[in-house]
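To start, I am sharing the structure in question, which I have written as structure tokens.
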Amino acid sequence: MDRQDLSRIGAFSDGVMAVAITLLVLNIEAPSVSNDDLPDAIVDLIPSLAAYVLSFALVGRYWVIHHGLFATFVRFDGVLLALNLTFLMLIALVPFATNLIDDYSTVPIAAAVFGAILGSAALVHWLMTAHALRAGLVHEKLRADAVPLGSTVALGFAMVCFLSVPVAFLSPTVAWFMWASLLVLRYPLRRVARWVER
Amino acid sequence: MDRQDLSRIGAFSDGVMAVAITLLVLNIEAPSVSNDDLPDAIVDLIPSLAAYVLSFALVGRYWVIHHGLFATFVRFDGVLLALNLTFLMLIALVPFATNLIDDYSTVPIAAAVFGAILGSAALVHWLMTAHALRAGLVHEKLRADAVPLGSTVALGFAMVCFLSVPVAFLSPTVAWFMWASLLVLRYPLRRVARWVER
Amino acid sequence: MDRQDLSRIGAFSDGVMAVAITLLVLNIEAPSVSNDDLPDAIVDLIPSLAAYVLSFALVGRYWVIHHGLFATFVRFDGVLLALNLTFLMLIALVPFATNLIDDYSTVPIAAAVFGAILGSAALVHWLMTAHALRAGLVHEKLRADAVPLGSTVALGFAMVCFLSVPVAFLSPTVAWFMWASLLVLRYPLRRVARWVER
Amino acid sequence: MDRQDLSRIGAFSDGVMAVAITLLVLNIEAPSVSNDDLPDAIVDLIPSLAAYVLSFALVGRYWVIHHGLFATFVRFDGVLLALNLTFLMLIALVPFATNLIDDYSTVPIAAAVFGAILGSAALVHWLMTAHALRAGLVHEKLRADAVPLGSTVALGFAMVCFLSVPVAFLSPTVAWFMWASLLVLRYPLRRVARWVER
């Protein structure tokens, strides 16, 4: 019974993340210009497209870790449900935050909001993992799969996001590079973290 | 066969609730202001964000009880299907109702509509549970899980929502507190109800 | 393998119908009026709400028959996939058609478009059932469940919708009653059809 | 465990494709005209409806091949997850691209963007199949089902889309015919490809 319940929580979470990730496209609006101006208008959409790709990849990354964590569960409790809903609440805000960094790409506060939402989602995911490991929700044989998601490196992911908040006030562009780096740098980051944890 | 049918009803319900809960974000629009005015405009979004959090948590709460009820079912009938569709019809109205209480936060009728929709959804869920228990749709061994969802405390949830309708005409703010209390106070409420039922 | 494939087709269909049914709420827009005019503006929303309830119930009805049909399948083929996509394409048009009959409630062509879309969806569903029964996609033991969905009564459902197209040009209101009657009258209709088929 | 993980990847992909395909309807807006002008306004919607049908059928076609490919998998790896997310990122752009070719049906660049997005999605799907076959993600007994999706004919699908990009600059209408032909001509195309591969 629990297994089926678990799969329904996973399915609902997948649903929310699938809708949120697809709503990102609403940020890229077809331009309203004369036919002659369309080529220029499409070139002007490139920053919106970049924001779309960044957010899609980040939400996709969150989906991958969420899916990896839930695959290790043997049961769940009320705290996990509450944390999971909080996680989804933050993920569902990403389309809004993406609009913001796209419309105000040079304004620090826009980047700060984006970084804070991403960081909070990563932190809640880390808390979810830590709680699951402590409360015995993780299958004994799959602890090795769950442990990295509750480790220093996973917390590091959240920390980089939170660090992008003050950085955004110095330079929103550097904040963008920090978010993009989260997608690329996680393998080196993991190696550093392993070294730190020893 | 029935088990699979049941899981498809659950999946469809999850789909509707996942879309409805994610559409809540469309209420928080990226502001259209000059770059200099963005910090103030973002501060002005805080009430919208509060409405988002409240509605997300409430729909999440409805999802949790719906999911808990369906986990106890061994089969379904036409009445259940009709009640379930009515429940989903009310849940899918929550993004509209959230827009309303956000755009007209001081207007009684807005809060009254929100309270009436939430109350109706809770009442239909209670009816669904009562019908399922009476019609033998609940697995014998899982009756103990379903019974609380058809009890006085569950009806109390609906009653608090309906009570917020007249209260809204005295003070919309008090109505807001009543809805928020539904998220926090359900443990004490449950204890009171247990005491009443004895 | 086929069983799992089948369940993924069902899941995709559920997804499309769940999104389409939830998008119906976008038709009910929060009014943009002064606080004092809100009560009147909400009363003015009642026709929109009626259109929402009607379309939600109709799409819900289509979901119920689709779900009943798919529960009888033992395998599928390319024709079924194509018919199913056509069915979903028509269902996904319902939010548009609902907007239309709501914005132009007294204009015959709006009601005619609504009736034609609903009728086409019902007809495609009937064709899907007929094809499944002929091509041996239905589980032997479940033929009794599938047969009614390919019967005269199911075709009657489509026919009432198509009949509402010319009727709309006489009176859109009568067309509305015909659609609403589809939700209420299917039990008597079934009895009539059984009598006809003898 | 892997099987369940796989089904969750399928479910998430289904979710994204189901939302993307249903969002296509937002491109067909109910007209804002006087009651008398509605018949003409609805006739004017026919090109939008044609774009809707084309895109719905194309995304539906992508769903069918994606679903066929995933049914052959016995496990997955990180590369597959990344390619799958890239595929979904491109599919989720189709509602935007459909808006574009509908609003600017005679402008070459609009058709070029549409063709490039479709072609990229087909190419990524082909890469996904090729990777899966090489990395041993495909069930031994189901290789025969996966091989065609990684073959010259599947690549031909992508090539026709990419070819429509330069063709669009000569005539957007010819590009439309090329896309529509993808839906109809795949059986002859398959026969040609089989002949080429010999």
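Note that the chains take the letters A, B, C and D in the order they are written out, and that residue 1 is the start of every chain.
In this section, a residue touches a chain if its C-beta (ideal position, glycine included) is under 8 Å from a C-beta of that chain, and two chains touch if they have at least 3 such contacts.
Computed from a predicted structure; not experimentally measured.
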item: Self-contact between copies subunit A and subunit B, residue sets same or different by half; value: different
item: Chain of greatest Cα-centre distance to subunit D; value: B
item: Inter-chain centre distance, subunit A versus subunit C - centres from mean C-alpha coordinates, in Å; value: 37
item: Inter-chain centre distance, subunit A versus subunit D - centres from mean C-alpha coordinates, in Å; value: 26
item: Shared-contact residues (touching 2 or more other chains) in subunit D; value: 11, 15, 18-19, 23
item: Footprint of subunit C on subunit B - complex, ascending; value: 1, 4-5, 8-9, 11-12, 15-16, 18-20, 23, 81, 85, 88-89, 92-93, 95-96, 99-100, 103-104, 106-107, 109-110, 113
item: Subunit B partner contacts - residues on subunit C that touch it in the complex; value: 7, 10-11, 14-15, 17-19, 21-26, 28-30, 32, 35, 38-39, 42, 52-53, 56-57, 60, 63-64, 67, 70-71, 142
